[in-house]
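Got a structure here, written out as structure tokens. Questions coming.
Each chain gets a letter, A, B and C, in the order it is written, and its residues are counted from 1.
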Amino acid sequence: MSEQENATIRIHIMGKTYRVPAGLTIMDAMEYSGYRFIRGAGCRSGFCGACSTIYRREEDYRLQFALACQEMAEDGMYLVQLPFTPAPRSQYDLEKIDPTENVLLQYYPEIARCVSCNTCTKACPQDIEVMDYVQAALRGDIARTAALSFDCIQCGLCTMRCPADIKHYHMAQMARRIYGRYLSPVPEHLEEQLREIEEGVCDSELDKLVAMNEEELVLAYAARIREEE
Amino acid sequence: MDRLTYFPGCSLKDEAKEFEISAMAVMKVLELPLVEIERWNCCGTVFSLTEDDLMHQLASIRNFIRVQEAGSDEIVTSCAMCYNTLKRSSLFVNHAEERLEKINAFMDEEVAYEGKVEVRHLLEIIRDRIGWEKVEEAMIYPLEGLSVAPYYGCMLLRPRQVGIDDPDNPTIMRDLIDALWATPVEYAFQAECCGSYQVVDHRELIVERTHRILSSARRAGADVVVTSCPLCQYNLRETQSELKEKIPTYEEMPVMYFTQLMAVALDVDSGELPGPLLARFSVGEGVGKGEG
Amino acid sequence: MARKELEIIEGLWEKVEELSGQNIFACYQCGMCSAGCPFTDEMDMLPNQVIRGLQLRDWNTMDCSAMWICASCFSCQVRCPKGVDLAKLMEAMRQIYLRQQLDHVSIDDMTPEQISKLPQIALVANFRKKTG
């Protein structure tokens, strides 16, 4: 083992200092220190957004934001977990919504309070241009809001940092839902396929499959026609 | 060809589309096209009036940085509210080193704003850089017989150091109306506030203001009122139905943007015109002399 | 949202002057501001009375509805012969409330139906003036 791998670092978790091996993620380092995650951990792969973490390095005036399962622990990090963001979600029935340009304002009027400080963007562990999508929402551009916010994992850090109390991630989720329901172009092949299913074109083939035993299924799978790649 | 670094503002992207459509079309004909800056953000619509408040200047200054990035030192907007807010922000920071330094330190993700961007309203550009003669020359359908009341509101004129014209006796819109061969209407309320953002929680106040302003224009013989502000436009247009409910004899007054009036005369796309004027302004026919 | 009372803080009058950057004692009560103000019908105090109240340190001034009716149209500002920016004083008074988290408009109580009728330009401006 090299000296590097044997090294340990000091981290500070909620004000208490721990020494942990170098090379661990923040989450692993915290677990090594004896913390057990009951809330604030989920997929451990950077997708679920449950393990929002705020930290500051020694001698850095800036707060940093990360997902504990993705960011490596560094020597001198002051860490705190933010497993939940108190941010009410507006109630709406997607089927009854009128997808007009000011629909996002109707359900999230506080987006009108954006001062363009860009703090939300700086807080995003997914590197999303959060302020830009809030601005797009404000001017009624639902498609752009949906596109810019596509990588959002709903961790809520933007919302915790916002001086205007905007609920960015809920608003953007609504934009993506409206986009999907009303604005995105309908794929032709999907329409065609759905029509065929409804007309029963696939029924006889499906019945055959259902009637097969396991052995026949394996053989049929191996002999299936593959689409050219 | 020269181009203008253009800031549309949020309203022109939804509520006031016809303002942008007509402004774009008119400026193309006048050979000074509007080129939209990239990644602009809402200006904040009202200028923060407290001395210590730098937070609410960020929106304007971020836009100035976009202008800088586009290699320009001028930003042009047709929305009177954006104009006022951006202009006042520029005056607040452009020669104030300490303020600029603080703001630049806060916006450390951006290049520093150098404090050199000048803010202009589209009407100013048309007056000072194009000239009324050229507008008249470009005209296809003279608006003879049409009486037009200019509505300046507040944001083009006040405060004095921000105004594009004399706040007590503005003439810029009158000169434009003249250039289009229409008849400018003089009336008492041309620069009186429409009630602005009070429409959110004091709508009754706007209904009352609309009544005073438009009745005054009507009494002075106006066929139509022109504005340069999406909020004035909304207030004056949208509260007329409520006014009709209150006063059955009230006669509707069409309200449109100054760029729409120009678009009609220059025979370019004017965007959606107010109902009562649609017939008169049907495309390709101009106003005609019969009515009015 | 439950409205709390304004907390009377020490140095409140000085704060109004500091935030507005105005010398309230320059006003000699000519009344030009009130004569030009388009909203006096709806105000409980006339604009010149507001500034008089500030001069006299009269606590009733801080309760006036006039500061919330003022739409920052700057009619008073261009007409004042003494160069006092009354619109800035009104804003400073509003800010005293807003900085104590006493919003004048409750965003939570607005319904989607109400907002659907309003353009964003009105909402942005209103929230900037009436929420902190």
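A few comments on the model shown:
We take it that a residue touches a chain if its C-beta (ideal position, glycine included) is under 8 Å from a C-beta of that chain, and two chains touch if they have at least 3 such contacts.
Note that this is a predicted model, so its numbers are computed, not measured.
Viewed as a contact network, the protein chains are fully connected, with every chain touching every other. Central chain by Cα centroid: B, whose mean Cα position is closest to the mean of all protein Cα atoms. Counted by C-beta pairs in contact, the busier of A-C and B-C is B-C.
Our note on geometry: chain A versus chain B, Cα centroid distance of 41 Å, whole angstroms. Computed centre separation for the pair chain A/chain C is 43 angstrom, with centres defined by C-alpha atoms. Chain B and chain C, compared by their mean Cα positions, are separated by 26 Å.
Residue numbers of chain C whose C-beta contacts span two or more other chains: 118-120, 123-124, 128. In chain B, 10, 14-15, 42, 44, 56 are the positions where the chain touches two or more neighbouring chains simultaneously. In chain A, the positions touching at least two other chains are 102, 138-140.
Of all the residues in chain B, the ones that touch chain A in their complex are 10, 13-15, 39, 41-42, 44, 55-56, 58-59, 62, 106-107, 109. On the side of chain C, the complex with chain A involves touching residues 107, 110, 112-113, 115-116, 118-120, 123-124, 127-128, 131. On chain C, the positions that touch chain B within their shared complex are 18-21, 38-39, 41-42, 69, 71-75, 77-78, 85, 87-88, 91-92, 95, 105, 117-126, 128-130.
Per the touch definition, chain B reaches chain C in the complex via residues 9-11, 14-16, 42, 44-46, 48-53, 56, 81, 154, 157-160, 167-168, 192-193, 195-202, 205, 208-209, 230-231, 234, 238.
Listing the residues of chain A that touch chain B in their complex gives 101-102, 114-118, 121-122, 131-132, 135, 138-141, 163.
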